[in-house]
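Quick one: the structure is below, and I'll ask about it shortly.
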Amino acid sequence: MKTIAIKLSQLKIPLLMAIAFCISINASAQLTEAQRYEESKKTEVWKPVPPKVEAMPNQPPSDAIILFDGNGIDSWEAIDGSDAPWDHSPYAMTVRAGSGDIVSKQSFCDVQMHIEWRTTREDDKTGQNKGNSGIFLQSRYEIQVLDTYQNSTYPNGQAASIYKQFIPLVDASRPAEEWQTYDIIYTAPRFTGSELTSPARLTLLHNGVLVHNNVELKGQTEWIGEPKYYAHECLPIKLQDHGSANSFRNIWIREI
Amino acid sequence: MKTIAIKLSQLKIPLLMAIAFCISINASAQLTEAQRYEESKKTEVWKPVPPKVEAMPNQPPSDAIILFDGNGIDSWEAIDGSDAPWDHSPYAMTVRAGSGDIVSKQSFCDVQMHIEWRTTREDDKTGQNKGNSGIFLQSRYEIQVLDTYQNSTYPNGQAASIYKQFIPLVDASRPAEEWQTYDIIYTAPRFTGSELTSPARLTLLHNGVLVHNNVELKGQTEWIGEPKYYAHECLPIKLQDHGSANSFRNIWIREI
Amino acid sequence: MKTIAIKLSQLKIPLLMAIAFCISINASAQLTEAQRYEESKKTEVWKPVPPKVEAMPNQPPSDAIILFDGNGIDSWEAIDGSDAPWDHSPYAMTVRAGSGDIVSKQSFCDVQMHIEWRTTREDDKTGQNKGNSGIFLQSRYEIQVLDTYQNSTYPNGQAASIYKQFIPLVDASRPAEEWQTYDIIYTAPRFTGSELTSPARLTLLHNGVLVHNNVELKGQTEWIGEPKYYAHECLPIKLQDHGSANSFRNIWIREI
Amino acid sequence: MKTIAIKLSQLKIPLLMAIAFCISINASAQLTEAQRYEESKKTEVWKPVPPKVEAMPNQPPSDAIILFDGNGIDSWEAIDGSDAPWDHSPYAMTVRAGSGDIVSKQSFCDVQMHIEWRTTREDDKTGQNKGNSGIFLQSRYEIQVLDTYQNSTYPNGQAASIYKQFIPLVDASRPAEEWQTYDIIYTAPRFTGSELTSPARLTLLHNGVLVHNNVELKGQTEWIGEPKYYAHECLPIKLQDHGSANSFRNIWIREI
């Protein structure tokens, strides 16, 4: 496969590398086409065959676990295990302010997750009070949900921040009443006994824009004090009731 | 990682951790609400304020560089610097088979890139000959484009493979004539002189499905032999003419 | 109209028709293929050639007049000709309650029009007070905008009604805070002097669902009393401030 | 109809109308607000309540009959009643050239119908041979399917024409390999015995653009000779095999 598709003349190639390159060209030149084809087969890898997933436009991938698609909220429950107390319609599930957080019935570790959220219009509120909610991976690591379109707060607490740990690379917020998307790639932390052996890692696209690129989380989300890790196993997704009637939809998750 | 469905109440929290937790509760309990609020402010970070990006539905982010949106192919050129020889309409730019690869006029290093591609229908071809093309980051590191819907080939050469380096986690291919998407998060390799100090890293979503999660590339894409790194600077995106009249559209890129 | 499932073979073709059909078959059979092809050319019509319109996915047709696409509200003005007093962002233009109706600067007669609207959440209101606004074709003929998802009112005044003239065929309403679409095909009334010679006609799709099929309007929209026609020329589109902070977006119009 | 840009204030209201208007104002002015409200209730119509339809984004309306959504082609059959001989995948159903037309198992009269179609790339063909197929309402009235992007033919036979009866108002064609949409509003002809009492009527949006506005069909589609009506009952939708491997998807229909 030809790969000198750039302006080689502009590259400053160190001498030794150039020599190595010429030798390689010569070596290749001495092979016939048939020999080269035989040579190329040596780097083909035929196993494993990756599993087939249908990924239709405007649909969750066929191997995704659906957490909300408009057909009820049976995949969720209250913290105490009773029925999820939020409102829902075919279009969305919506925080019933004061009813409490909800958690997925199923627990998860490493995942790709898609979720859409919308803050309700709260013209009379500001800062952290305006359209606040949150998505907690493994019930512990929060990606902030907040109406931060023309609403000032501390950047490590704005929408798409990893709350009090990482400021998003850019502010891709949309206004209240607009649907927004998070595409999450999450690697759970590893523990040996109570000891952390590998921290959690997170990549996040907010409305399709990269805001975190494989960052290493510092520990469990804390409002006060520094984050620390506490050993745990796979755990549910938690969605926060922070007093705003925010909505969620199109929630699906793939174990990776 | 295996998922074990457990409830919060069932967690076996190690003893030391539980004690630490209780102490922390006690400490907090001794603070008034006002004191706690003061305490919480210590972990607010007010700088930097991330730059504002408008991310409208069905539009590139406002800070993206547009490489193709239907308005001509002036952002591209032939390898020799002459005009890009491919076909184009408001809907797509299409390989003119035999005309050669094209490269972006602009060079890039670390990027988020979105590109849509479509293989043409070639019922008479199989394996690597069916709807073949490729997207080369920095003109050197290839993400494979191929019609691999019900078309068998070596998995490290199928669509969404990092050619001859990484098999995709799953096969999210759509059939010929369907538009497909790549969302790419790419960190360029770092060199000190001719020495590699940090390999290239790549995360890839194929049709919205995670197929590579921050993998470390092994070097420049090779058809024959093992990949190696050769020091280089920022370089153009290259799109391959491999003899199939494949199409591309909605190409945008953000420097990150 | 009731649908009766039948197969072609089960059709009772009236005798005369069957005979006519057989004669026609015979006549055709007597022609050679070449003669038939010559015959077929007699019903080809080569003029006029319809004008080319590019109709890209997620974009207004290329011949549309854009009334709102996020780039300001300069296409609109207050009734008295001063600047349009509504709020706007790249995402929407929004009624500033109490500021008054707005009208397009341009006047229109026969049109195809696309408009998207969203009612704000008003949990404390009911009936005609909940998310009320309206779209007046030629400033006179109102298509109702109202939050009628699980909100009862008189059907000839619900969302997608032609206010106090026609009940929509079905209720395709979405809840508050969801974007909804109207696709309007409108034929203006014709007058000779002050006399009506042809009434206005309207076809309406609400969220893609047919709710009016070429109905003949009864006159100018009236809150009290029966509608009547008053002769007029081409006139602006009017959007109503009825006290709810509803939003509009993606407004385009084609003269037909 | 020509559009003349005027402001409301510039309207020349005929004298009689102005007087009538003033009288009406006076009459209203003599009523209290409460009396006016009472008066307004006289034109409220409370029955019938239109049936509720959920019309979610990117989904068929909840009252639609699904004719193809990727889950097999059991809703279709060959003309002779045997299994539909076309190809299908989760993405599309595709003409198997030479296998013959297919018809819906169910018969229909008045309908709203949505269908998406794609012509395959046939660079070696021109005119009526390039990407030809057709959609026959009631198996008799054809809306043409053809690749007429930069492909000349007689306009009453181009894509979106009512074949050999009506030229589309504009040419909204997309190129081969692009999905295109038809939104059809169809009123079946009425017959008393063998006599036509009301012709078929059709409104058509092609890729969202109005191309026919409630036109009256002239009879059954004919390749040779003038169209005539032959009495019939409700009949299936027919999709044509005209030798091109065109595809269809997202087919749904609502009886109206």
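Labels A, B, C and D are assigned to the chains in the order they are written; within every chain, residues are numbered from 1.
By definition in this document, contacts are C-beta pairs under 8 Å (C-beta built on N, C-alpha and C of every residue); 3 or more make two chains touch, one makes a residue touch a chain.
Just so it is clear, the model here is predicted, and its values are computed rather than measured.
Over half of the residue-numbered contact pairs at A-C are shared with one candidate from B-D, B-C or C-D, namely B-D.
With A-B and A-D as the two chain pairs, more C-beta contacts join A-B.
With centres defined as mean CA coordinates, chain D is found 42 Å away from chain A. Inter-chain centre distance (chain A to chain B, centres taken as mean C-alpha positions): 14 Å. Touching two or more other chains at once are residues 54, 91, 174 of chain C.
Touching chain B in their complex are the following residues of chain C: 54, 56, 58, 70, 90-91. The touching residues of chain D, counted against chain C in their complex, run 1-9, 11, 13-14, 16-17, 21, 28, 36, 39-40, 42-55, 61, 63, 79, 81, 103, 105-110, 112, 114, 139, 154-158, 164, 167-172, 174, 183, 185, 187-188, 193-194, 201, 203, 205-211, 213-214, 222-226, 230-236, 254-256.
On the chain C side of its complex with chain A, the touching residues are 89, 91-92, 118, 120-121, 174-175, 177-178, 245, 247.
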